[in-house]
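By letter and in written order, the chains are A, B, C, D, E, F and G; residue numbering begins at 1 in each of them.
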């Protein structure tokens, strides 16, 4: 357990130091030293909150590649959904058909679920409202501005088809 | 009746305020005296780059001392007024 | 930038009028938060970033939290 | 009735998104606050602003874990003591001017380092640090007290 | 900059209106906070000068050295004022909580009547 | 130089267009949940387009590393913090029974969690 | 300076105009939730105007303000939603 905690401390330290470098952007000795001290103190407090399960989970190269590959996928979905909602709201007839659907998902880990739900919320047209666990499977309630299908499987494919496969490459 | 007097009073204050703002806006604040001194001597006397920090902590340090005491008093006052919450928390901690 | 300055002042005044005239206490607090946001932006436009940071951080963290706690504790503020 | 209670418990346990968001944003907030405190003499900011940003950590922990999380994480008595230590540090650095033969708050040791470095400008750096310590602990203590009011029942 | 003066005076007067007319104690505290914001804006507007920049001597300011600086003294005073405003708000709200626990009402008239 | 200017102007135009669409949606939509959908439109492409333009402007026109990197960091912060707020307010609205326009007749949350 | 001032100013003025348009929802929201949504959008637009003004004045120090507002702006919304959940 103690080794686990040390590894979590190290990964939090790396995150804090990267953040400090992005804020200051000065590479003198004093700034680097101050960054090391601040990151040490901060990760002493917050490492037990940041790390949920495995501290070195993201340092696998395949998962880092998956995270890099997720960015263009996400941007493509974002632009598509944005154009769709902009068309709907600028149309004088306001063609909306709202409703709440329930969608099953395969993801298990907390960060994976949170990442999927945040991606769904960020693409306009869908907002994730709640997560419940039923029968060993996590179900997400989604408010959808244009309900095209009430069947959970089809609706899931339409809303989060490519997003979930992208997330599953990173988290379990 | 009371409400009418209140609104009448506020209306008078409004008229005076607009008149005053007209007077202020034609004569902008000059830039000599204490402000010029403080800006000129910031780097020379304190080696700080931010003028406002230099004023707050060096030229007018008594202000910050008083502000610090006000903050300490406010925190203590909140803790004294809501004493029940602090006590309840402490009881839970010892459990 | 004087156009932006005028627009921000107009928004601030409208927020203040909403704060003064609305009945519900929760709506009053929400529009006061919007007024704080406008005032912080106005401080930045007047070239005072120190004051803008102070107002922004106080208006984002301290004020809404303690107001909501007080509102919760007095049970909605109904008399 | 029993089923209803069970359902409620399950819902409370599944509040994942806010918890993960607050967990991820907590170290970033702390680093941002420390950056604002320590760079008070180079960029806008200073003790008070950075202290308020750091004390947002209390609110983040409350949003993620409720009052139990605050009780496990912070120690209010030590925070009050630390606030007083910060106040004493400020007074000491103010009195340093008198000790060096000038008036109160006179910057007597300003010529250490060049202007523009992180550690420069003498007492201003240390006063920033002590005021930041004082404000973060004071506002954090106040927020903890006010958040604990929510748990106390009216008799 | 007459717009700034008029806007901040309107905010201050609306805060006065809330403090004088409203019966709800929470709204009175909101009015105090409004007066605070308006006063800060008025103080900062006094120090503004056209075609100037913030009083921070970093690398970008050395290039713009022909421009004057904004008056930094009101900014430092306003910084103190904001801290005191936050303290006043916190203390007033804790008093409101205590008044509600004691009297069971936050209407100013009821509280005055019960007080005798 | 002229190509850079065209790119930055295009980014600003994209941001302004989507922000306009989001604001019109917030004003016109019939119920609270649809207004929320439109407000995400403002916060994502409306803000990210402008911030991408500002970052390019800082990197290549002003030659200032700090402006470019800080713009990107602001965009990342908006991406991290905005959906949490959006999710929280949507759930609270449904829990405290705000009116929902139910044109499709498909309200599975209300069916599973009766008031 | 470099000729970009016109675009930056026009974009900032446009966003300011949109902020005032959003105030319609603050004035006339039937429920408090609508006002919260409008306030949240006003926050993100404020961040955009701050970034534009910092780029216009060519000072990197103005961006710290936008960092703080974009990072901490969600706290008030989440706190208000927590209050609304408990009220029902």
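As a working rule, a contact is a pair of C-beta atoms (placed from the backbone, for glycine too) under 8 Å apart; a residue touches a chain by one contact, two chains touch by 3 or more.
These figures come from a predicted structure and were not determined experimentally.
Novice: Which chains does subunit A share as contact partners with subunit G?
Specialist: D, F
Novice: Touching both subunit B and subunit C, which chains are there?
Specialist: Chains touching both subunit B and subunit C: D, E.
Novice: Skim through the chains and flag the pair connected by the most C-beta pairs in contact.
Specialist: Comparing chain pairs, contacts are most numerous for F-G.
Novice: By mean C-alpha position, what chain is farthest away from subunit F?
Specialist: The most distant chain relative to subunit F turns out to be B.
Novice: Would you mind pulling out the distance in Å between where the CA atoms of subunit F average out and where those of subunit G do?
Specialist: Subunit F and subunit G have C-alpha centres separated by 11 Å.
Novice: Find the geometric centre of each of subunit A and subunit B from their Cα atoms only, then give the gap between the two centres in Å, rounded to an integer.
Specialist: 41
Novice: How big is the gap, in whole Å, between where the Cα atoms of subunit B centre and where those of subunit E centre?
Specialist: That pair's centroid distance is 8 Å.
Novice: Based only on mean CA positions, could you tell me how far subunit D sits from subunit G in angstrom?
Specialist: 25
Novice: Two-or-more-chain contact residues of subunit G, please, as numbers and ranges.
Specialist: 36, 38, 58, 60-62, 64-65, 67-68, 71-73, 75, 78-80, 82, 87
Novice: Multi-chain contacts only, two chains or more: what residues does subunit A have there?
Specialist: If we look for residues of subunit A contacting two or more partner chains, we find 23, 117-118, 128, 130, 132.
Novice: At least two other chains touched by the same residue of subunit D: list those residues.
Specialist: 17-18, 21, 24-25, 28, 32, 36, 42-46, 48, 53, 56, 59, 115, 139, 142, 146, 149
Novice: For the complex, give me every residue of subunit F touching subunit G.
Specialist: Residue positions touching the partner: 5, 8-9, 12, 15-16, 19-20, 22-23, 26-27, 32, 35-36, 39, 42-43, 46-47, 50-51, 54, 57-58, 61-62, 64, 66-67, 70-71, 73-74, 77-78, 81-82, 84-86, 88-89, 91-93, 95-99.
Novice: Of all residues in subunit E, which touch subunit G in the complex?
Specialist: It comes out as residues 53-54, 56, 58, 60-61, 64.
Novice: Considering only the defined contacts, which subunit G positions touch subunit F in the complex?
Specialist: The touching residues are 2-4, 7, 11, 14-15, 18, 21-22, 24-25, 31, 33-34, 36-38, 40-41, 44-45, 47-48, 51-52, 54-55, 58, 60, 63-64, 66-67, 70-71, 73-74, 77-78, 80-82, 84-85, 87-88.
Novice: Touching residues of subunit A toward subunit D in the complex: what are they?
Specialist: Listed in rising order, the residues are 12, 15-16, 19-20, 23-24, 28, 30-31, 34, 38-39, 41-43, 45-46, 49-50, 52, 110-111, 113-114, 117-118, 128, 130-133.
Novice: Quick one: which bits of subunit B touch subunit D in the complex? Just the residue numbers, please.
Specialist: 43, 45-50, 52-54, 56-58, 61-62, 64-65, 68-69, 71-72, 74-75, 78-79, 82, 84-86, 88-89, 92-93
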